[in-house]
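You will see two complexes here that share chain A, one where it goes with chain B and one where it goes with chain C.
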Partner chain A sequence: MTTTATRPASRSSDRPRGGRSRWAATARALPWLGPTLLLVAGVVFFPAGYMAWTSFRDLSQFGIDNGPAGLDNYARLLEFTALPRVLLNTVVWVVGVVVVTVLLSLALAQFLDKAFPGRRFVRLTIIVPWAASVVMTTTVVYYGLDPFYGIINAFLVDVGLLDQPYGFTRNAVPAFLTAMGIAVFVSLPFTTYTLLAGLQTIPTDVREAAQMDGAGPWATYRRIILPLLRPALAVATIINIINVFNSLPILAVITGSIPGYNADTTTTLIFKFIRADRQIDTASALSIVNFLIVLAVILVYLKVVKPMRED
Partner chain B sequence: MAAAVRTRAARGARGARSPRRPLMAVAGALIALVFVLPYLIMLIGSFKSRSEILRVPPTYLPEEWLPSNYVDMWSTPETPLPYNLVSTIVISVCATLVVLVVAAPAAYYTARHRFPGRLVFLLLVLVTQMLQPTVLATGLFRQFVTLGINDTWLAMILVNSAFNLSFAVWIMHSFFAAIPRELDEAAALDGASRLQILRRVTMPLVWPGVVTAIIFTFVACWNEFAASLVILTTAENQPLSVALTKFVGQYESAWQYVFGVSIVGIVPVVVLFALIEKRLVAGLTAGAVK
Partner chain C sequence: MRRLVSLTAATVAAGLVLTACGFGGDDDDGGGGSASGGSTTLDLLVPQYSDGTTALWDEIIASFEEANPDITVNLEVQSWDNINDVIRTKVQAGEAPDILNIDAFSGFAKDDLLYPADDVVSEDTFGDFQESFVENATLDGTVYGLPMIASARALFYNEDVLAQAGITEPPATWDDLLAAGTAIAGLGTGVFGYGMPLGSEEAQAETSIWTFGGGGTWTDGDAITVDTPENLAAVEFMKQLIDAGATQPDPGATDRTPMLDVFIQGSIAMAVGLPPTIGQIEERNPALNYGIAPVPTQDGSPVTLGVADHLMAFRNDDDKQEAITAFLDHFFSTDVYLSFVDTEGFLPTTKSGAEGTANAERFADFLALLPDAQFYPSTNEAWAATQGALQSLVGQIQTQDAASVLQQIQASADNA
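Right, the complex of A and B next:
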């Protein structure tokens, strides 16, 4: 490592020319990239492959491999009676949370882009749910919504929004909606910050020019700001889709103690397969399905956002 | 007429903001309140007595403030919290160190040198950034069982470092790439070795990027939940994020302790995140938004 690092002669071969020197240039890069490649190969790509392989094996509850299973694990998934509900939940979960998050963040970013006293403080408070553990944030809301000693429930009754405390976390549907609300809450910081960064790339004279031409604030926003915000919007939306799709802790805390699968997404179902049923083979099959969905979203990201372009 | 409209509009752009500013400040304060409200509930709850936090109907503020909760919370029966805290710290610190040592050379080299395979490497890094341990948890679990390191800190250090590596590479890469090459060349002409250039010239300039990478990785490891949930099965090995879920769904929970521990778990990472507030977006979105 050190010998490679201290050799100043390698500068001349920065721009590869012929066939052999091309390989030499790649070989020289390896000591620098090697550790990254090793870690990614060993802890990201190998488990992905191993998971794919496991999805075609018959595993006992104690992890003993009983030989090939063909497509049995995938067939068991399809026969799983709660699957349609879980798939529907997953779509509602991802679409609902991402759409609401993006809309609220657009408003928040627009607001925070303007100068007012205390803006910096407000921006800093928005960071809090981003930095805080999602488990901890969700846990305090779970406590607050308890129908007996929950402080949020009590507040809603005291201000007259509820006649009596409501069991938000007691049944699948309200608990699922509550979890969606929390998911929006913890997704707002990243989304708002990304959109704010996007807004700051729009020169003020573009806005002022539009206003001088007599465009109202709404027209300026829709015709000028929103189109220029497209790249930031694309990034925020796609990263949110992946995050929300992969989200486990919120539903695990809010709906984890509700029996049945009425409040599960494919992600939380995987963890029920692993932890409650110890069906690692079926869990692998479902994980592969999830993995392919995530890869598809990543492909869309690469195509729409083109983050690899160099300036 | 047109001129009149124009001047009014021009004035509107600058002048009209001031009368609305107090109103905006009030709206801003309300927004701030919404974002910190759960954590305020946490903070206040952490000072209540056990009987008061389970009282029906609940009290808004503690009748009796019990700072002693912050001492007693470490010996609650649901989970061994001191061990959970140590676990969280060990895993996060080690994973962050691994990320730094592994990512910095890769970020430096890809920013400074063109070589065949460079774009493929960067693409690989980008794709792993969008993968999360959650979607691979089953495979990771199987792998670590096979290797015999399931339920160990080592397993979680590997997971956390591998999945946070890409962010660190990207953000440091962008900082390295922003430094003019002439600076290196001048130093090289003065007889500095490549390692010396890295230490004396480049490092001070990329320091903000390095700090961002360190903080972001540390916070992500600190909060990691999904992989820890399946890989760490012994109560003593589990991080705080997993340990706290054991309080939920149990009746007569020691909520005041849950909140005390949450405050201890949240305050440091919020402070760290606030330090890199301006650079959070740049790294996460991998340069797609500037």
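Right, the complex of A and C next:
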């Protein structure tokens, strides 16, 4: 529902520039662009617009439209007492997962860029979390951490780290941290490979030139490699922000049975509004807020970090 | 490359347009078909009670279609996790099934989507339902739901562990339960006293067992009443059990199904279970030495939580009413009905079924409790949201005080 809405619309920078010829060119291109535009309108703009519309309607719990609601749905959101905690969780979730993922991926990509025996095998291994279903990976960890029959809990007790099994998935903060760990794990493959691709576009003569000029490995990395990696880093970060922000399955599996809202992000809260509180209209309002937040975050990121700057 | 992309896009777009046309065509099929005396198609949406549910329905539909060659039944089986989302989406899209099997009917009745029950079954079938269930299926004086299967709760206890703790009789009152739970925890064998599942799966059932047992209810007949002195006393008792260490750790986030497995394995001494729990024990740990007793209540008088699931008929096309009636009468005919109820391991809701059920002896403990069954106020339209709030909030009593948790749930109920 929300994922389609937050997909960035295709840019139109490849259109020819300038005056009348530009309009003529656009008109000529229209029959060819038409199907694509229709598709984008059908799967992106229509659902997003419909969601915005429902956020201003009063819907019964089965979706019957009972007329306009004005800003009532948004007002109900503001009155929701757990909202500050949920927003804080969302910030911790997105910033934590994305920062840790990117840092780990930078290290991994650097490592995989070097030639060493068995590199092909290690590269394949790193893809595994990507190939496995997220729900499956999460469920494996969830059962492993179960206090009654989880093998991870049993192991921690056997080696003496714990006196008795601990409910990692039964308390808000440890469960939330566990979910963040899994989110990093499943985000690593994509990020690492994006950065690895970026590293391989950096010509060796640049690095050699830096060495000739007497730059040490750390200086070379900070002054030469990292700036050249900027476009790849930008893609990896933005896509991760969107993915992590909208991620539902990991939290749904790990923190789904935890009472209260201490382990919720705005995305999981949308589902609680629908499934537990039966408030489709409030959920739509929160989806719109969610959409605006992710848009704002990306704008700020683009403005402050200027990842696309070429210098 | 670019050409390939636009080609793909064009194909997909063409596909979209074609599918859109397909939607329009659908309606004509349903309406026109039966008017011209041809075949009628009934859409049937049911939840999955067990691994055998689909096969069971296939059998019932096959025997029905044999007797009524002009009616075709389309079966759709959904998991309990999904069925509420599926039906909501279908209703929103104007594609409600003709017959639905689910727990609560009142929301659909309030939205004026259902046939009254006596319009879609024969008089004989209608008169066969047990009165308490009919009453529970009534909204504003009209019966909309057809009580289909029933379930009740009872206390399952591990006789070996209770004997080890020197307890000879299963607990009958709240005080007994607290004493028994603490005594078992004190054994130091790693076995927990009472298993309390307050996770989101079914926290409303566990809470209702204790509030009903203390004389509380969820409604004053009109509004949903969560924050009442009786309910507060019951929830405070639950908190007392947790604080005294008489329960398993972290009851607030424990779901029922996995927790019952722990009871079956023998690591929890007492838990509230359902009729199908008997079959699960037979299958998973037949060596378990267990007994069944009424759920402990404040003063020891028997009360149980009854749950009935319903069949209901949606008023999509008026010309389908006869076909629906034929199907529902077929389903509730004694042999067919008992084949369903007995195979799924539930309690029957019809008088003929109660006499004929093959499980009379096996479920004797539960059947005896049925007269004292209390139900969720599921005809109250705020109940669905209250149930959701109970599921997602009541577990907080593990860390917060009972009164403030009940106030939060009351607020959700008032908001609905």
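Just so we're on the same page, the second predicted complex is superposed on the first by the 245 of 311 C-alpha atoms of A that agree within 3 Å, B and C clash if a C-alpha of one lies under 4 Å from a C-alpha of the other, contacts with A are read in each partner's own complex, and residues count from 1 in each chain.
Criterion: a contact is a pair of C-beta atoms (placed from the backbone, for glycine too) under 8 Å apart; a residue touches a chain by one contact, two chains touch by 3 or more.
The structure displayed is predicted, hence computed values, not measured ones.
*Asks:* Which of the two, chain B or chain C, is in touch with more residues of chain A?
*Replies:* B
*Asks:* Please indicate which partner A:Ile202 is in contact with in the superposed arrangement: first for chain B, second for chain C, both, or neither.
*Replies:* neither
*Asks:* Go through the superposed model and pick first if A:Pro231 touches only chain B, second if only chain C, both, or neither.
*Replies:* first
*Asks:* In the superposed arrangement, which partner chain does A:Gly260 touch: chain B (first), chain C (second), both, or neither?
*Replies:* After superposing on A, A:Gly260 lies in contact with chain C but is clear of chain B.
*Asks:* Touching A:Val140, do we find chain B (first), chain C (second), both, or neither?
*Replies:* The answer is first: A:Val140 touches chain B but not chain C.
*Asks:* By the touch definition at the top of the document, which applies to A:Val289: first (chain B), second (chain C), both, or neither?
*Replies:* In the superposition, A:Val289 touches no partner, neither chain B nor chain C.
*Asks:* Check whether A:Asn246 is in contact with chain B, with chain C, with both or with neither, and answer first, second, both or neither.
*Replies:* The answer is first: A:Asn246 touches chain B but not chain C.
*Asks:* For A:Asn171, is the partner it touches chain B (first), chain C (second), both, or none of the two (neither)?
*Replies:* second
*Asks:* In the overlay, answer first, second, both or neither for which of chain B and chain C A:Leu83 touches.
*Replies:* neither
*Asks:* Quick one: is A:Phe111 in contact with chain B, with chain C, with both, or with neither? Answer first, second, both or neither.
*Replies:* first
*Asks:* Could you pull out which residues of chain A sit against chain B in one structure and against chain C in the other?
*Replies:* 32-33, 35-36, 39, 42, 63, 148-149, 256-257, 274-275, 280.
*Asks:* Using the touch definition up top, name the residues of chain A that touch chain C in the complex.
*Replies:* Of all residues in chain A, those touching chain C are 32-36, 38-39, 42, 60-64, 76, 146-149, 167, 169-171, 175, 256-260, 272, 274-280.
*Asks:* Touching residues of chain C toward chain A in the complex: what are they?
*Replies:* For this pair, the touching residues of chain C are 5-6, 9-10, 12-14, 16, 84-85, 87-89, 91-92, 107-108, 110-111, 113, 198-201, 203, 248-250, 252-255, 258, 262, 265, 267, 381, 384-385, 388-389, 391-396, 398, 412, 415-416.
*Asks:* Show me the residue ranges of chain A that touch chain B in the complex, using the header's touch definition.
*Replies:* Listed in rising order, the residues of chain A that touch chain B are 2, 5-8, 11, 14-16, 22-23, 25-26, 28-29, 31-33, 35-37, 39-40, 42-44, 46-52, 54, 63, 108, 111-112, 114-119, 121-137, 139-144, 148-152, 154-155, 185, 188-190, 193-194, 196-198, 201, 207-208, 211-212, 214, 231-232, 234-236, 239, 242-243, 246-249, 252-253, 256-257, 267, 270-271, 274-275, 280, 283-284, 287, 290-291, 294, 297-298, 301-302, 305-308.
*Asks:* Where on chain B is chain A touching in the complex?
*Replies:* It comes out as residues 5-6, 9-10, 12-13, 17, 21-22, 24-25, 27-29, 31-32, 35-36, 38-39, 41-42, 45, 53-58, 60, 98, 101-103, 105-106, 108-110, 113-119, 121-128, 130-132, 134-143, 145-146, 158-159, 161-163, 165-166, 169, 188, 193-195, 198, 219, 222-223, 225-226, 229-230, 240-242, 244-245, 247-249, 253, 255, 258-259, 262, 265-266, 269-270, 272-274, 277, 280-282, 284-290.
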